[in-house]
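First subunit A sits with subunit B, and in the next complex the same chain sits with subunit C.
And now, the complex of A and B:
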């Protein structure tokens, strides 16, 4: 990579060094979780996980595995810092968010450790931009304790089938009610808005559904305002896995294929709203 | 009521709802024997639109369950529109659409059967309502223009989306002229740009109007009907009369018809220069007395009948606030009002917008139940007004 980087010291001085030929492979995935200003980054030798939370009820994680990067070195067992995600995304798209076809922006990202800024070197067509973003004290993130052994119902769906549903959600409804059941209606999304109620039913043998593993009927409600941001991940993804556990917690896993055909995952966890009153379901 | 729409007709229905949504905030849906009627009126009551989809438009059409009285309902335009919000998506994914209305559930159920077996069910809340019916007759208008909607569509294209009104008239050489209408500014030295389009007579299927006639009406509503007519590849006819009389815009084919009735600016509001710039000034305008109303204003011409369904006593009877019998010419029922008992009511507190007069959709009581003497007038709740 033709990066002129006189500022870079010996690589051993950095606790994290990562290089990428196409910065969009990182920025796209980060956009999928960009619904709050700040994010917490965890880096291990396996890759980077970026976490965004809201209202102590919803958490989004983007996983960028080490293999996505051309170079990925973590000196310590894990490196954690908090960063302004808006600023990070602005820097990553400093050469424009939709570049000319054929031109790629390369990225080298370095972090010296606790208290240091995150250094970004972005290069496009021989022009290098250096960004330093101050990092912040990492905050403790929520542990949703979502364990696959407690999963009651799981549906894997082509994202195409949910995209329209999510973009047209009746936002006058406070909640999105998700019904998953081994019997009719199998998989149903419901809203209860000013204009009346709407139900969207997917038969389990639909071509949109890749896998249908529902063991018992669950009807849970989730704050629509908390779930709506996941639309960002949905539009980028090709498949989505919808799971609920025995407490009604929801996990939405989005499979996102980047421009080089590699797979990244974005995951949303959301806790359910109050109990469903019998009469309204 | 139950009806089933399939294939491309779902989009036609959706498109009709989109064009109605340019006019009013409320949608009146009434299943009739002759088809499903969708109607709306704008808040200042200067524009009214209706579509009637014939039973053949549907795969299946049942106006009322056997032995049951037909229902009609009124709902927020927004909520019905949300069902068809993305027409591209409707076209791509929806295979059939089932609309049903039953008195028991008090919900209008719209079910969309989409690709991959996905089924969307909208349970829309509605209000029971009177029938909304404007009285108009294209046959009474002395002037008629008819052309493929595309001709009009291309003609209004250059007008700025912000332009409120447009003047349509016949210029010299029988060319049809559409000109942006600009309100007279207080400071007339600042003249904004005027856009004028002229269409040759040969583009029209029918052109029955002499040189010099012109009317001015709202462009937004017209565009709404145009976009429907263009997508359905229909001809649009415009029936109009002297300025101030409502103009009727109509589309029709064997499965549906649509009528938009729009107020036009009355002559006194128009600057004569504005009007006559189209052609050399006319001779003394002949006043064709088509009916008793020629001397009266538009209010008497356009009467909306909010006919009571039947003897249901629950209807709110609001005495007319501003009905002054003196204003009304004696015994001049509209040509289509049912008898002499019908009396126009007024919508209190609704000033007509700009220089347009309200089309005056007053209410009348069903003749059979009219008490003698000054009739109480059924008026729609005006809580939303103002």
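And now, the complex of A and C:
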């Protein structure tokens, strides 16, 4: 394949080279954060972090560790670029998102550095697709300053426990109110829609809840339109960790197991919508 | 003028339904030509206006267990009628579980194609659904507009890769770009390519093989709207000036052949379905341009439905 030969020789010219036997290990995780057109990619020797933001209020990060890749070389301290995620995902799944059993799409990804396009070489059954995606000026991403020492409440539960709740959220409600408390109702999701309010309570000792560490009652509201996209990650994940800090910021960490049994993480941060008046809580 | 036909075989019925669905997706109105040997669905939008043309041929004996027809006259033993393709496709919606299908030409205040479906029911009593599809009989003097097109030679012919792969690739490319560039040569290489400001994507196929029909010409390259959704059994094209595409050879071939020709001009898409129905053929013609052209989008929809259908059809 004449296309691949020169590229192998010039390996040192690339600031990022990553190879993957199964492209779905990457594309699945990226799909989980695909709620906006553009994403910022940061690559270090530990792996790649892909960040998507919306409305300066919500941020999603997908972490793909270096170990997921069969080959992962980063020449510089860190490599940063912005890319059209929609196009990237279309390219990654060009051979189809549900491949015929027994066939894998292999990927080789190269980036020459600032101003260069991201090159993708995909191969399935001897057919090669070459994609050259133009990269863009990286944008400053939000720093939510979400520090584990400031975490007040933390619940880890099986994703299935949240999946149905999230897919059936009353979208006529502007906010999703999350109550986390060491006392009853422990963990409650509430919506206030046109057809009335709904409350969904999870008992503390439910089988779905793996860990319950709530120290203080917190009632926070989050824009439902900002949280809804996290359903994509929820659907793919096996476990989710829900944390809130002293400012009411929400962190949702999803653990996603890929086809080879490796673990990747997707994280959503969201800031609270408003202070809840005392009388309501 | 008389026409009466019956299908009893489930596979034939299914196949006939697919054909009519495909036609419905392609065009609002279509022409049905009935002759003692064949049934033809014809769409002949003016190619000059950027429209898509289609010629679909079904061997009557492969589909119908009973087939009686009497044309306009003994020497012109044919019937040409125009109908809304959607109506036929809708009438056949119930055909999935039908035991038999009857089609006949009737006159109920106005000329109709009457489609009756005998449905399976749990009880012994049979249920029949009848649709009357209004039609227009095409007078003898206009028949010349609906003749089987002449066959120009292709410059490059190539067999297409696995349809499922190609379909997926074209679908993704369609998301990104309005136009697809197809390149093919006589060494069995085919490239599908899109080029936009954001991204350039090229898929290289090799070792596809060329049907013996191709004779000369180095590489040809032309632009084709990516709005097409499915894929093709066969593509062929020719240089400007001609109107139709080759469709006589490769009938009943087990492999899906493809032909592509011309630096610019016309792209032909040909679906050769399963061996079960030899002689069945669908050919579609759409113009293609040497460079992207905004006027393309219209007809691309039609192409897309054709491809979508023919894929389903061919993979039987």
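Note that in this section the second predicted complex is superposed on the first by the 268 of 281 C-alpha atoms of A that agree within 3 Å, B and C clash if a C-alpha of one lies under 4 Å from a C-alpha of the other, contacts with A are read in each partner's own complex, and residues count from 1 in each chain.
Heads up, the rule we're going with is that a residue touches a chain if its C-beta (ideal position, glycine included) is under 8 Å from a C-beta of that chain, and two chains touch if they have at least 3 such contacts.
What you are looking at is a predicted structure, and each value in this text was computed from that prediction instead of being measured.
S.K.: Thinking of the overlay built on chain A, is A:95 touched by subunit B (first), by subunit C (second), by both, or by neither?
M.R.: It touches subunit C, and subunit B stays clear.
S.K.: Touching A:206, do we find subunit B (first), subunit C (second), both, or neither?
M.R.: Touch partner of A:206: subunit B, not subunit C.
S.K.: First (subunit B), second (subunit C), both or neither: which does A:197 touch?
M.R.: Only subunit B is touched by A:197; subunit C is not.
S.K.: Could you figure out whether subunit B or subunit C reaches more residues of subunit A?
M.R.: C
S.K.: After superposition on the shared chain, which partner residues are touched by A:170: those of subunit B (first), subunit C (second), both, or neither?
M.R.: Only subunit B; A:170 stays clear of subunit C.
S.K.: Applying the document's definition of touch, where does A:126 land relative to subunit B and subunit C: first, second, both, or neither?
M.R.: Second partner only.
S.K.: Looking at the overlay, does A:161 come into contact with subunit B only (first), subunit C only (second), both, or neither?
M.R.: first
S.K.: If I apply the document's touch criterion, which positions on subunit A are contacted by subunit B in one structure and by subunit C in the other?
M.R.: none
S.K.: Would you mind writing out the residues of subunit B in touch with subunit A in their complex?
M.R.: Subunit B residues touching subunit A: 75-76, 78-79, 82, 85-86, 89, 93, 107-108, 116-125.
S.K.: Name, in rising order, each residue of subunit A that touches subunit B in their complex.
M.R.: 161, 164, 168, 170, 194-203, 205-208
S.K.: Show which residues of subunit C lie in contact with subunit A when the two form their complex.
M.R.: Contacts found on subunit C: 161, 164-165, 168-169, 172-173, 175-176, 197-207.
S.K.: Quick one: in the complex, what on subunit A touches subunit C?
M.R.: It comes out as residues 1, 3, 84, 86-87, 90-91, 93-96, 100, 124-134.
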